[in-house]
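Sharing a structure with you now.
Naming follows writing order (A, B, C and D), and every chain is counted from residue 1.
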Amino acid sequence: MTQHQLMLAAILLPFATALLILVTGRWQNLREAVTLVGAAGLAIVVFKLIAGFDAAAAAPLVLAEILPGFKVMLRAEPIGLVFAGVAAGLWGLNSLYSIGYMRAEHAPRQTRFYACFAVALGCAMAIALSGNLATLFVAYEALTFATYPLVVHWQSEGAIQGARRYLAYLVATSLVPFLGAIVWTWIAAGTLDFTPGGILDGRLDDGLLAVLLFMFAYGVGKAALMPLHGWLPSAMVAPTPVSALLHAVAVVKAGVFTLLKIAVYIFGIEVIGRGVGDLLVVVAAASVIVASLMAMTKDDLKARLAYSTVAQLAMVTLAVALGEPIAIAAGVLQLVMHAWGKITLFFGAGAIQLATHKKRLSEIAGIGAEVPLLMVAILFGALSVAGLPPFGGMWPKFLLIEAAVDKDMTVLVVCLGLSTLLTLGYLVPIVIQAFFRAPHDDDPHHLPEKHHEEGDLPILALIPPVVTAAGCVVLFVAAPSILAFVAPVIGLGGLP
Amino acid sequence: MILPDAILAHAAVLVVVLPLLAAPIVALIRDHRIAAPLAILIALASVVLALELVNATWGGETISYALGNWQAPIGIEYRVDLLSAAMALLLTVSGSLAALMMSTAIAPEMAPGDRPRLYAALLLCMSGLTGIVVTGDLFNVFVFLEISSLATYVLIASGSGRDRRALTAAFDYLILGATGATFFVIGIAFLYVVTGTLNMADLGERISDAGRRAVIVGSSFLFVGIALKAAMLPLHRWLPNAYAYAPTVMATFLAMTATKVSIYLMIRLTDVVFHTPGELGRVNFAALMPPVGLAMLVFGSAIAVTAKDLKRLLAFSSIANLGLMLVALGLGGVAGIAAAMINLFNHAIIKGGMFATATAIVHRRGSARLDAMAGLSRQMPVAFIFLVIGGLALIGVPLTAGFVSKLSVVRVAFDLGDWTVAGGILLSSLITVAYVWRIFEATMLAEPRSDAPKGDMHPAFWLPVGLLGAGTIVFGIWSAPVIELSTRIAHQMAGVTP
Amino acid sequence: MESLLMIGLLAALGAIAITVAFMSDLLVVAMLSGIFSFTCCALFVLFDAPDVAFTEACVGAGVSTVLTIAAIRLVGRHEKRGGRRASVVGLVVATVCGLALVYGTLELPRFGDPASPASTHVAPHYIEESKGEIGIPNIVTSVLGSYRGYDTMGETVVVFTAALGVLILLGGAQSRPLGRGEAPARRDRDVILRTVATLFIPMTLFLAPYVQFHGAYSPGGGFQAGAILGGALILYGLVFGIDALNKMVPERILRVIAALGVLLYGGTGVVTMLMGHAFLDYYAFGAGPSGQAIGLTAIELGVFMTVTCVMTLLFQRFAIRGVM
Amino acid sequence: MKDLVGLFPYWAVIMLMMTGLYIVIAQGNLVKKLIGLGIFQVSVFVLYIAVGVVDGGTPPILDDEFAVYSNPLPSVLILTAIVVGVATLAVGLALSVRIREAFGTIEEEDLLPLTAPTHPVVTGPEAETDTNAGREETRP
């Protein structure tokens, strides 16, 4: 298949899967088999796309023209392919986990769940492969609406409220600042195509460019830059596999990916680096520290992880704002590493809940003995997210600090170091609590007569976290090849 | 295209006269099972005629048809350009879709013997509105305005089989409509006195020599008369009740046509009578439109959030969308008129689709109250999907026609550097999200009633709902037809060759 | 002399209008509005518009008043006073509009100016050419029937639409037929009325065709004739009871003829079209005035049929309805 | 000054029109509104006819004796408008009859609470007769 056909296949395959899920919804096993086959197929397609990628031959594929000049257009490029690879690779694992989780929870409306999940993946693929800002916006909006039914899944009063906040934040930011910024860009530059080196240089003066950059940074609400991060904790009302999707696979990732694309292909890295992004650096760095501190205060495991995401992904915004090739490289790597690390943590949190019906940090004391393998996986994920070797998460932190040093931003270097400590501070206690504390006897949720074991845990809920934890280690080794893959488009000479 | 030349030569007048003369025949038929197909057939024949008109005027030609062979300004002239032809197409298509649904939709609320008369009233309303858009004579506009208005009052009042408030809604509209029409007549009087002609084109030529004050007052009164029919703030009071209490199928037709014709008149009078693009008369009404339009946008959306009934919600949403059209019109220029036309056509499709779906829901469940629609997503999944499509289009989600509409106006505003307008439009879509989401939460998340009637849409609604829903999507992706048409119209209006 | 008369009539009109605003007995108000219309008729005659005066007398003062009174019988006669807020709004709106109009008149040609654009642009064609083109002396009839015949067709359709509307609103399944003996006419009294009516109705029956066919030479035509005949039938119904009227002209017949009138008018246009001419181009029936004469006769007949039947039908519908 | 005197008839007619408009807006009784509308419209007709008057002219019926005729066009337009007026009146009256039957009143003030969107749905013409204000007066 040609690149064009592969791109179309990558987008259409999840939609076709969704359709098949709806058709086969009545037969649970068949429906879940369809999901898995779809996920495997997508992984293969994206792998072929990456393997066959040739920067010189990557021609755009125009699908439609919504308004004259506002085209729906696809084009493969390295950063997008990296995102596509992450999303496609994690969909299969997430589906396996979903099957285990949803069956164990006896969740209703599972057909809708799997179908929307597939649609969300299709939208993520479209975002990854978009050839211009217009297409990216279209897919970005579609992703918001496709994930709404997932967030509201339990349809309890709390779920409805949380989903409302989720939608309000994302739609409000995308329809006002984001769309406004897109139209402004469109008028100023006369095009929306992603062009290496950017399209805005010389079209607007630097002051206005800084304003525009802020409109994008806050318009892309999915990037959850503080103070517009509120939707992310609200969305925790969703089932855990959905949280994993939001945090690791598609949604937040789509947000920061959008920012990366805008930095590289709309503004141009040098343009941002010459001072346009300076204010955003401050905001993003503050976001990193504040969100980390807030994470430490949360007792609910998933809430803690949510604030952790806000902090970790603010680093990508920070990378974007620095406007240095190394920083962008760090941003791309952070996108990958955080996905694998954070999905491990969410899988773990969900599995703990399945196995022990506990979801608070204070409740899980002593469960390490019951679910040792799971807790080790969680530890791997935590260390990777914190940025310690030998886990993939080390790379982006390292490169980001290097970029800050390059720019002589001593304060920023301190900030980043502090953030690593804070991350350890809010993630490692999970493991410590589980292994080294004795269970409280007065815990009302603790049922002494029933001893929890990993045997209680559906095997499908245990394998995915273990695999992703192992992935974190593998990525430590694989990171240089990812860097080499994206290096040409971001103007990174040799490897650092 | 497909009709013989002998008919083609008269297409401009036939598109009006055919339904006009068919109405008495339909009204006389006793058996509603014969009257309904006849009405549908006539409406479809009008669509064919309107298509021919579009075809004939596509390249920028203007068809002039002298009625009674008395050349204007001695006699009455039908003057069809692309704008008129496209409007005629919109009107006849809307009429046909309403006719297709009508016999099923009103069956529960109207005795069989009364139905043929209602079909006749629909035909009269349609041909009256079509008469307005094809004529080149100002007084003839008034006559056909009255035909359509009288028919509209009756169509609205016939909703009293479900809710007696339809009667007061119709009466309110009658008083306001008749007052508006009288204002229109006063306006004509002033313009006639100072120019001596009723033909719009002739008026346009002679108006430059006319007394300025008389023209200002005349055009102001014309404008107020039209604004009343266009439900322009603060003259909008009739619209919510009229749409909410009219039989839903009639509300579908009205939402697609009635206010649109007023927008047409604004565009037409801007161009033909007053000849100063961007301004209506020597008073700069164009400057008035963006603020009023923005106010309508915000006000309509805000009230829609509080509505407890789907039809009322859609009615207030219509006010908001009319505001958007006025904003586009007020921005002026070729791009502004084009954006207004894009909005006009797309909104007719979107809102028509939503009202048509509401018709199907009311037909099945007897009510469109939001609290009575719990569980709709499971019990009427097809209707629910079309509500979702329409709702997303109202928000302006990409890949729907609503996005094309909104983006085209925002683009013009940005181009002109009008930040308030651009920002206002974008912000107002947030309120849209709020009211559209109320529909979704009511239909998807609320606990269904166990006694809700079973079954999805009646087959009679499949075609209209399906067509309009498909149009919402198709014109959101492949917007070229609507944009090409609107741009050609705008060019023709501004006298520029594309 | 004429100016004095004009001022007097206008003053009377003003007085009536203001009285209407302050009276709360609807019956009196309805009568006053009839008088208002009649006074306007006098003004129309004074302003050289006898055709309009004729029509206003038949339709505005006659049929309208009867319909209003028939409706008042059903809705109650006394109005409730109140609504201070509304009167303030009304006063403001009316004043603003009035001042705007006065401002607009400041540059209008003065009253009766022969050089005004209205008198010099299109109208001279009608006055000078209609004799040759249409061949009848009454210019109003020429313009109404031929030059602007399409408007007149629209007007006929408006009348038909009104009938259709009233039939839907007060007819069919929703109608509540009046019980026998409830009819508004009281046979025991009103001897004088019955006697006068017996004399009057045949006279009007003669008058109607005269007005119809003499419309080419003097004020009159299909509308006026229709309104007169309709008025005669309404009078018959008022005096001898609605049942008698129904017996004489059943509603179904009225409906059919009303529709046929519209079809006759429109059909004339369709025929001219089939003969290869424009819609409503009467020259299709023959060159010069002879063709026009055929066309005008046909359409005037159509108007006459529709107006007569609709006027009667409207009255019938209101009269037949029982009081709640 | 002479010009202003020449405009006097117009102003008198405008006064009449505005009285009619005032009745339409300010009066709460539906039939009274319709009558006000009638006065408003008839006054507009007078304005039209006044516009068509030509000094020393005669009615536009051709005769060898006369040379100056008043403008026939306004007459034609007003003939049409009169008929439109009565058609609107008829439909309006029919509506007020139905409203009286359905709500028991034709006073705007009393109708407002009964027609508020929050009022429960009532179908059919005779469903509610709780407001019987003025019922006795309906029989003349």
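Just so we're on the same page, contacts are C-beta pairs under 8 Å (C-beta built on N, C-alpha and C of every residue); 3 or more make two chains touch, one makes a residue touch a chain.
Predicted, not measured: the structure shown is a model, and the values here were computed from it.
If you take chain A and chain D together, the chains in touch with both are B. The central chain here, found by comparing per-chain C-alpha centres with the mean of all protein C-alpha atoms, is B. With centres set at the average Cα position, the gap from chain C to chain D is 13 Å.
The centroid of the Cα atoms in chain B and the matching centroid in chain D are 27 Å apart. Chain geometry summary: the mean Cα position of chain B and that of chain C are 31 Å apart.
Separating the CA-averaged centres of chain A and chain C is a span of 76 Å.
For chain B, residues that reach two or more other chains under the stated contact definition are 139, 143, 146, 150, 153-154, 157, 186, 192-193, 198. Annotation for chain D: residues touching 2 or more other chains are 17, 21, 24, 30, 34, 51, 73-74, 77, 80, 84, 87-88, 91, 95-96, 98, 125. Along chain C, residues 101, 105-106, 108, 116, 118-119, 122-123, 126, 148, 151, 154-155, 158, 161-162, 165, 169, 174 each make contact with two or more other chains. Taken together, the touching pairs give a contact graph of some other shape, not a line, ring, star or complete one.
Pairwise chain contacts in this structure: A-B, B-C, B-D, C-D. By the touch rule above, chain B contacts chain A in their complex via residues 392, 395-399, 403-404, 407-408, 410-411, 414-415, 422-423, 426-427, 429-430, 433, 437, 441, 444-445, 476-480, 483.
Chain D makes touch with chain B in their complex at residues 17, 21, 24, 30, 33-34, 37, 40-41, 44, 47-48, 51, 73-74, 77, 80-81, 84, 87-88, 91-92, 95-96, 98-99, 102-103, 111, 114-115, 117-119, 121-125, 127-128.
Residues 139, 142-143, 146, 149-150, 153-154, 157, 160-165, 167-171, 174-175, 178-179, 181-182, 185-186, 189, 192-193, 198, 241, 244, 307-309, 312, 367 of chain B are the ones that touch chain D when the two sit in their complex. Of all residues in chain C, those touching chain B in their complex are 100-101, 103-109, 116-123, 125-126, 146-151, 154-155, 157-158, 160-162, 164-165, 167-169, 171-174, 255-256, 258-260, 262-263, 266-267, 269-270, 273, 277-283.
Residues 64-68, 70, 72, 137-138, 141-142, 145, 149, 152, 155, 160, 164, 167-168, 171-172, 175-176, 179-180, 183-184, 186-187 of chain A touch chain B in their complex.
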